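Just so it is clear, A, B, C and D label the chains in written order, and each chain counts residues from 1 on its own.
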Amino acid sequence: MASIELINLTKKFGDLTAVNDLNLVIPDKEFVALLGPSGCGKTTTMNMIAGIEMPSEGSILFGGEDMRTIPANKRDVGFVFQNYAIFTHMTVRKNLEFGLKVRGVEKSEIKRRVQNMADLMRLNDRLDWRTSKLSVNELQKVAIGRSAVTEPEIFLLDEPLSNLDAAFRAFMRTELKHLQHEFQQTMVYVTHDQIEAMSLADRIAVLDMGLLQQYGTPNEVYNKPHNTFVANFMGSPSMNLLPCRLTNGGGDHALDFGDAGTSMIEDGELMRRCKLARNADVVFGMRPEDIDIQPREVGRPGIDMEVSFVEPIGPRTVVHLSAGSHSIKVAKDKQYPIELGAKVKAEFPKGRCHIFDAESGNAIGLE
Amino acid sequence: MPKPLHSYIWRYALILIAVGLALLPVAWMATMAFKPHTEWVTSASDLHWWPHQETWGNFEYIFTGQTEAVTVSHERTAGKPILASLVTSLLGTLIAVVAGTLGAYAVSRFKVGGNLPLGVLQLRLFPPLAVMIPVMIMWAFLGAMDTWWGLSLIYGIVTLPFAFWLMKTFFDEVPREIEEAALVEGCSWFRVFWKVTLPMVKEALASTALFVFILNWSDYVIALLLTRKEWVTIPVYMNSLSSAMSGQMYGAKAALGLIAALPPVIFGIAIQKYLVRGLTFGALKQ
Amino acid sequence: MTKKKKPVLTTLEREGKTLGLYMTLPAQLLLLFIVAFPLCMQLYVSLSWWGPLDGVKWYYAYESLNWFGNYGEIFSDAKFWGSLGRTFLIVAVVVPVEFLLGLGLAMLFADKFPGKRVFYSIMLMPMMIVPAVAGYMFFMLFQSSGPINDILSAISGTKVDTVWLADPDLAMISVMIADIWQWTPLMFLILLAGMVGVPEDQIKAATLLGANAWHRFWRIVLPRMKTVMIIALVIRSVECFKIFDILYVMTGGGPGVATKSISVYILDLTFKDLEWSYVAAIGLFILVALSLIAVVGIYYMQAAQKKAEA
Amino acid sequence: MSKKMKSQSGITRRQALKASAAGAAFTAAAGIGPRWLKSGDAWAADLAPGMTGGPTGFAGAERYQYDDTMSEGRAVAAARKLKAEGKAPETLRILMADGAIGHFTNPWPADGPTLQSIWERETGIKLEFFSVSPQEQFSKVIQDVTTGSNAYDVYTFGYAAMGDLSEANGIVPLGEWMDKHGADFADPERGMPTPESYNMLYKYGGEPMSVCYDGDAQVWVYRKDLTEDPVHKAAFADKYGWEPGPPRTWAEADQLAEYYTGRGTPEMLGNGNMMSAFWGISTWYNRYVSKDNPNQFLFDDEGNTLINTDAGIAATEEHIKSLDWSDKGGLGWQWSEYYGAMAAGNSFMLGTFSNCPKFLDTVNADGSPGSAVTGKLGSFLPPGNQFGDDLVRRSTIYLGNNGGVSSQSAYQELAYLFLQWSGSTRIFSLLTGNPGGFFDPFQLANFADPLVNQSYHDYHVPIIEGTVARAVPTLAIPGQFAMHNTLSENLVTAMTGGMTAKEAMDATAKSWKKHLRKKGEDKMIGLINAAKSGWSTVIDKA
């Protein structure tokens, strides 16, 4: 069992609180991504799990066992650094052997396991090279292989793919998934790339300013963001967030967008849950791909807007709409037929709306 | 890397011991400088740490040639030797560092200079006393005996190897790409050296200069043989601090030693932040 | 990065070569200046019996020409070999001890801790003390009624009145201690520079791969410091070979000849024995011998480097 | 205070002590102010009738004044003449050891002129002193000689280096000038105590080569108070059968050393003699040279070494044995530490440079004792060996300081005249009494001088005189530094157990023989035998 529990985990560097009262349970054999912008505390969290940093408060349990007194070299975690930290004075083989040697593994066993790992990582013909001659992609493979070869139950990866070229990054993603399958480790993966996180992880923990924002499956995090930060951070282009006022115009729910007009809301279910917040300032959120563009005068909820900019980005077209002081992005199929300056109506389909409290940014009406 | 508390205790304990040992003779010197004559007679079986009667007499003696407790006044005072040491050590350092840096860059970059590297190495290899006879004769012939330039020149020469070899290892490590980029921009080689490469090794340059300065500053043998009166340096002058009355004047020597420690210490502290990085000898190719 | 031989130099390279020649000029001139006359004179004089007591100028040395007489004498000169042996003994003891102490200190100072800057500055103090002064201080410290015996007495609880400088073996040890005191800081400084140059990530990586402190030091830090260590050892060995000031002040080479180093012997030959032609021969002998060692060493290092790169 | 100092004769020892200390303190105080100087010829009016030069301005100055018939007066007259002829420099350059220049630059007595000012006012030629520490003194001289720097007109050096410098053509013979200008160095009334001592300190190879500045006979001092102590007196007599006091023989000296080791507060060591490298040679010499009647030479007339004979080995064994009563740390000391041990009351006796009581037996300005042994010292003639009815007491002149004329100087005669002036009996008496320097008295006139008696103590001066008469030279032949160095190294090695006495002497003898061969045996033997004329012939009655 190698579940990881973080309990009230806090790390302070002087006045700066890098990680603030973090509680997280990472079940055994799961692949969890720590996601957030730089400086959000994700690497610090990772370092604390590994034992490179000691928490200021709180505790870390591996499989229920408190790790406080266990030094880093006894925690048996695999760790892949962002810059790989390859031992440049050694050959590839020596790098791969390192973890096994210091554990005192038998020579023949070392040879076998290194061979296996080299096969797996396709590093066979590089084994006796000096690492200074390797490409970045190969260094990455050595770094992962070097940690994996000791078969740790917990595997931590600190932005391992950020230095790679796009094609190899995609390849490595599948490789990593593969690897986790093979070795059945508990994997913690630090990234600031939400696509990477969503494609790889079983669960995503979104962090910001040292605080846990949301923890859940990629689906949950994407579709039910707990707050504007998560909503904004996940997805590309990110969710449209429009400050507005929730009114109770004539018994019906409506959103007052000020100079952009008012829109009724059809989503009765959501509104019911928003009852308490009537006549309050809120943030209305909707993912770009959820918004419909319709001719005006069609009587569905939405606001009249004008096409201000059309952005064809390969597989999709992003249409920028604006009205008054508001502007939104709408994602459509490629070659979506629309003209600049067209007067359209942005429609907000039922069941896709998100309402956040304007002040706290927390989602309103989530179950 | 987190460390358990007990490792800190161990570390501080060891560091305190090391610092204590390093300071022991320095502390002895510092207190000795304030001891009167009666408290430094080594055969009197009463050597103690703290002066029983603190006195500034030793400083007075080396700067004025006399002090109350010592009947015999001294012909020489420390003022001129301190000046002589400063002038010759600094000039010697300047000569060594300039010639060494230029030469090292040329050898490192352009592979010119032939046997220069080995030549300067040999210069440092063997005891200076073994070649001082011809040097003495040559200096006398040139009228360089007991002159500031004569002493500075020999200092520059004997410490040239250090400056050269240290700087060469640094230049070897400076990435060519940066220089090449500047060359492509149309800089001349010398401008590249002056404006691009030199600023990159300035930490190393500072450390090298300190090192060379300390070597020059500590010299005794060369100054002994190449000076007479006007440009006698501190270590040579120090040898004169003995009298028929009181034998070796340890107090005065300690007082002078204390003063003599100041320039290197000040220099060292001034470039302290460069010191560690500056002395890696470029050996840490990543 | 293999260098390709190009038959024709580019303009830039040609400019570089020309500038390079000018830049080496000061160093070359200094070298020539100190080598040309003194070396010739040294060689010339070494082939004669000439000395100050002859009462003639050095250029009349041919009057007492003996060709290789002085060189022959070197081989039967027990005092010379004795001094050389003692000098090598000092180097062989002092340099490794300084190295190990310096390494230990560097390990203590490798990472950050409160007060590091202050302690670090203090640790460098011995290097800043003029060696002759240090010699006088150690002379007093090592007196039988001196502070070192006092400290030893306090530690051991019994009265220690060891006679340090008047006993042949203890005098040697005292001199070694003084030299170690003075020059361990240099070792420390160089080795610390090497140690902090080891990237922290690699040390962390090693830790997380299960390496304990010993593994990290032995397998990561040390191999990376190899060049720095060699440089530190070479510098100290070369300088220690010339040991003079501190030793001369403390013991004058005595008691008897117990601490007579090669530099002290040469000084005796120069100003007591007045055997200047013999000094010249010894100087050249040492120069040639050490140069041979240096050339072989450099060759070996270059070969090792090439092998490592291949 | 200065009134007291003017008392010329008949002063008690106590008064002398006080005066000496007061003079010393006064010197220091006066030295800070501007140096004594008189303008024009005003000083000439102060001279005693008939005198043409010399110090003025203090009571008793006339003792040191001179006219044109005296050695000093002739020198000054000749110097003036040379200056008038344009054969004199503006400034005469003199190389001298630190601690000796005070003889010329410190006013003495405190209200008197400096010697430098006397010379300068009388001749109009300035003096420039180049100071050098004593251990570098010879190096500086030989360096100047061989490099041809011509940086000094006058060199000073240990008298034993006369041979080295003569052979190196560094100094020129002085005999002709001595005759021409009538020096009084060998004057039987005022000069050297014996012809032998004159030969020893002025001549090399039979020719005067330099002028002696410093006697440096090894004179013995001891703790008189302890030998007079009734308890010790009885205990000692009980053990050795004679009352403790100045020893006549080395055997007696060793008994004293043995007895007093471990006695007294603080516990003392019986043998305070210099035993260390270089300095200890003199102690060994003292013991060795009295091993035969009239002298135990170092070489016989054929140039065979005698140090490795039975006598030499016995002397060496006794020397090593005497280490038992000596400070074990002393092998690393220099002379000053031995002085210090004596001053602190840690040693019973010490045969060393004659100025020892001058520095140890002192009274502070406030009347307190200047050292732990103030008023407790006595001195005695060197111990010796008995041969029938003869008692051969011997001491050695070790180191010393002589002035020589540089062969490179363009003003050799003038340089000589300076040496004659400052080394003649009147001026030198004034010079050596001056506590500002370490040159010790050795001329008959010095010993009669009240100021010298003040500084050196009246109990000590007659002993110095007797010791100089019984002194023999050390090796004073070319290469003596190397030969002494070998002797010193082997002695210390033997003392630290690295060799037996016989091995040490054999090794030294072998090296000495080799040295003679290398320098030309015939010539060297000639020089050695010539130097024997400097060995004392004074024999005491047993």
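We take it that contacts are C-beta pairs under 8 Å (C-beta built on N, C-alpha and C of every residue); 3 or more make two chains touch, one makes a residue touch a chain.
Since this is a predicted model, take the numbers as computed values, not measurements.
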Among all chain pairs, the one with the most C-beta contacts: B-C
Nearest-to-centre chain - CA centroid comparison: B
Distance from the mean Cα position of subunit D to that of subunit C, given in whole angstrom: 42
Whole-Å gap between the CA centroids of subunit A and subunit C: 59
Inter-chain centre distance, subunit B versus subunit C - centres from mean C-alpha coordinates, in Å: 15
Of all residues in subunit C, the ones touching two or more other chains: 58, 139, 143, 145, 199, 204, 207, 224, 270, 276
Where subunit D touches two or more other chains, by residue: 139, 146, 148, 327, 329-330
Interface hub residues of subunit B, defined as touching at least two other chains: 1, 42-46, 137, 239, 248, 286
Footprint of subunit C on subunit B - complex, ascending: 1, 8, 11-12, 14-15, 18-19, 21-26, 28-29, 32, 40, 42-47, 49, 95, 98-100, 102-103, 105-107, 109-113, 116, 118-135, 137-138, 154, 156-157, 160, 164, 169, 183, 188-190, 193, 214, 217-218, 220-221, 234-235, 238-239, 248, 250, 253-254, 256-257, 260-261, 264-265, 268-269, 272, 275-281, 283-284, 286
Subunit D - residues contacting subunit B, complex: 24-25, 27-29, 31-32, 98-99, 101-102, 105-106, 129-136, 139-140, 143, 146-149, 151, 266, 327, 329-330, 333-341, 343-344, 346, 355, 359, 435-438
Sites on subunit D touched by subunit C in the complex: 138-139, 142, 145-146, 148, 164, 167-170, 276-278, 327-332, 478-479, 481-482, 485, 489-493, 495-496, 498, 518-519
Parts of subunit C lying in touch with subunit B, wherever the complex brings them together: 12, 15-17, 19-28, 30-31, 33-35, 37-39, 41-42, 45, 58, 104-105, 108-109, 111, 113, 117, 119-134, 136-141, 143, 145-147, 150, 181, 185, 189-190, 192-194, 196-199, 203-204, 207, 224-225, 227-228, 231, 238, 241-242, 244-245, 262-263, 266-267, 270, 276, 279-280, 282-283, 286-287, 290-291, 294-295, 298
In the complex, subunit B residues that touch subunit D: 41-46, 64, 66-68, 70-76, 136-137, 139-141, 145-146, 224-225, 228-229, 239-240, 242-248
